[in-house]
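Please find one structure pasted underneath; my questions will follow.
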Amino acid sequence: MNGRMPSRRPGLPSFSIAARRLSGVGRRFYARGWMLGTSGNLSAVVRRDPMRLAITESAVPKGELTSKHILEVDEQGRAVRKKSGRPSAETLLHCVIARQRGAGAILHTHSVWSTILSDVHAATGHLVIKGYEMEKGFAGVRTHDHREVVPILENDQDMTRLAARVTDVLSTYPEAHAFLLRRHGLYTWGDTLEDAERHVEIAEFLFEVIGRTREE
Amino acid sequence: MNGRMPSRRPGLPSFSIAARRLSGVGRRFYARGWMLGTSGNLSAVVRRDPMRLAITESAVPKGELTSKHILEVDEQGRAVRKKSGRPSAETLLHCVIARQRGAGAILHTHSVWSTILSDVHAATGHLVIKGYEMEKGFAGVRTHDHREVVPILENDQDMTRLAARVTDVLSTYPEAHAFLLRRHGLYTWGDTLEDAERHVEIAEFLFEVIGRTREE
Amino acid sequence: MNGRMPSRRPGLPSFSIAARRLSGVGRRFYARGWMLGTSGNLSAVVRRDPMRLAITESAVPKGELTSKHILEVDEQGRAVRKKSGRPSAETLLHCVIARQRGAGAILHTHSVWSTILSDVHAATGHLVIKGYEMEKGFAGVRTHDHREVVPILENDQDMTRLAARVTDVLSTYPEAHAFLLRRHGLYTWGDTLEDAERHVEIAEFLFEVIGRTREE
Amino acid sequence: MNGRMPSRRPGLPSFSIAARRLSGVGRRFYARGWMLGTSGNLSAVVRRDPMRLAITESAVPKGELTSKHILEVDEQGRAVRKKSGRPSAETLLHCVIARQRGAGAILHTHSVWSTILSDVHAATGHLVIKGYEMEKGFAGVRTHDHREVVPILENDQDMTRLAARVTDVLSTYPEAHAFLLRRHGLYTWGDTLEDAERHVEIAEFLFEVIGRTREE
């Protein structure tokens, strides 16, 4: 064993455990309609220094996701093991979030309500969620009397440019648990995959409440 | 065996049976989107004198709920068996309802429609459900020509204070089968866990009907 | 064997086959939210002369419906085998429909959209469905250029009186494949259980289309 | 073996594999409510010259679809193997699309939102989908900055006449990935069955986004 062996922080899952658990998350989100048509990407940090992520490969239907559709990438989002699949272009955003937030897992989903709200609230640049008990599901929030600001970024196919804007937004909104890409979807994260999955469920629930309340 | 041995009323389930059945309820409600993101709490009375409740521990994802996530608590909501998990702060409300209504099971869920209606009708302090066949699903209701009043309480993180207000509301509305916490969720109960589960389904159905009818 | 032995028409299922298939229908409809909270009743004719129906017993949760929750009743809706359960009061309506339409199966469900539309259109006494391809799913309809009239009856807890009104409505609307009870739910039927299940799916689909179109 | 033996292009599935995979698609779409009441048809090309399609037989409930409900038809839509079932009248449209687009699979579904939007936008003759990330799920689309035009045809029971109009529409809209039949449903296709299934999911997602956005 030499000194270049990447260190694995206690508490980080092995690649194979992360791959199995990410697959389960993918199948559950697909069932709820949040990852239809191969959309979305799911990742978990498996090493920190240097950083390695387990992440869904590009263009895989999430309803049949298994460990074999999970790749290992480095901190630039490049595959580090030989496999047939390739990482999604959006892998770079996962890397930015993992580094900047110290997140253990990053989940990106496409739901009907996140797509709608990201558009309706685009002009103000963010969506405010305020006064709901469910906000206590966001890590560190202890009361419903909380004002969660979800920044909204314009969508972009240039991932380098978008990654730079994500970096800015994460700095500007240090308290944010999530952000939206306009007419695109949700990014959220957590210390663990369980935390990140809970954040998706919390965010989607609140988006639906807000979206349906607008109708009245 | 001494005289202090808690008496178990005929008809009350054992802790292990209650734990297994509560887990099933949790998984079903999670599937319907009524307990997303670890939200909600489910309990069943397993002894009466002194009272003991089987109740879901805090912060557990309900989609994977099993018996091992169920705690036994006393009438003050304190865990009475050594387990790793801790009871939710809202356990106290379950205890109040179990005592005051003589309920055998208490279920607390977070749904999109209960959250919306608890807010829209907050000004009047209650939601009225009137004239629906489905109301016959509430225990003791024999006709659709029934006026169910669902009190709405302001949400509060101080559980002692909220428990006192729940006590008041249960006294003020002796006929109520359920109440709402504003922008928070539903509490309902029943003589048995089956009754309480039916009450959740009935209440959620009627909330959705009323919520969607408002749209027109 | 004596001459009073009930004749079983070719094509009618045995009681045990009907019971098993009705259970499957119940579980599927429960999953879709059309039979929540023990609501609704499902029946299939198993003999014609004298008539016998296999029908769900009263107050059973449909998500766990099995053959043991199915009773056999005569043409007045009285149980003809000793079992612990009792027939629903609405059994009488099933008998009327079986006789008057010669139906092989009668299904009664409670859905959100049927409840809403039965109320919104109550003043006109019926709901008109017109010009949808899906109407071809109703038995005998060959084109989307069809006008399906779904009569709406006021709800009533007096089953004898309601049965008489159902008799009238079936006579007045000889072409109808279904009727609605106001703020209550849907009755539909078919030559076979498969036909009747298809009619529920078709009707519910069209109710949702019409209900959501109104929102615009 | 004689020279008339149909040639099977590399990459085309065998009939039995196509039949099994089409059954899986049918059960999934039924679960989502896109093929209720025996509605819709699913096909995959299994030979090119002469063309043969594996296609769902008429009037089968899709929730229990198995390989035995899949027929093999020729390019005029006539069954080429003796089986009890018969091809749907709409088989002809599948043949037109397979030929004209060179598609490997054609899927026809009936959803609530496609039915509503096909009616609401009928006057303009098409539905425009523009600026959504999800559009990248349509084959060949590389950016959200894409304008997908979904032609809408009036519904017709005369399949020969409708097939001719579909031929025209496919010529007029060479870029289209799908079309709608008014108050009827969606047709989409793809090089493979996987592509076509993804197109259904993408289209349905976008229809729901657009349909719900209109409500505001």
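First chain written, first letter: the chains are A, B, C and D, and each begins at residue 1.
By our rule, contacts are C-beta pairs under 8 Å (C-beta built on N, C-alpha and C of every residue); 3 or more make two chains touch, one makes a residue touch a chain.
Source: prediction; values computed, not measured.
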Which chains does chain A share as contact partners with chain D? none
What rotation angle, rounded to the nearest 5 degrees, superposes the C-alpha atoms of chain B onto those of its identical copy chain C? 90
Using mean C-alpha positions as chain centres, tell me how far chain A is from chain B in Å, no decimals. 33
With centres defined as the mean C-alpha position, give me the chain A-chain C separation in Å. 46
Residues touching two or more other chains, restricted to chain C: which are they? 215
Pairwise touch network: line, ring, star, complete, or other: ring
Name the touching chain pairs, please: which are they? A-B, A-D, B-C, C-D
Which residues, counting only chain C, touch chain D once they are in their complex? 28, 32, 131-134, 137, 142-145, 194, 197-199, 201-202, 204-205, 208-209, 212-213, 215-216
In the complex, the residues of chain D that touch chain C are 33, 36-39, 61, 63, 110, 112-113, 115-116, 119-120, 155, 157, 181, 183-185, 211, 214-215
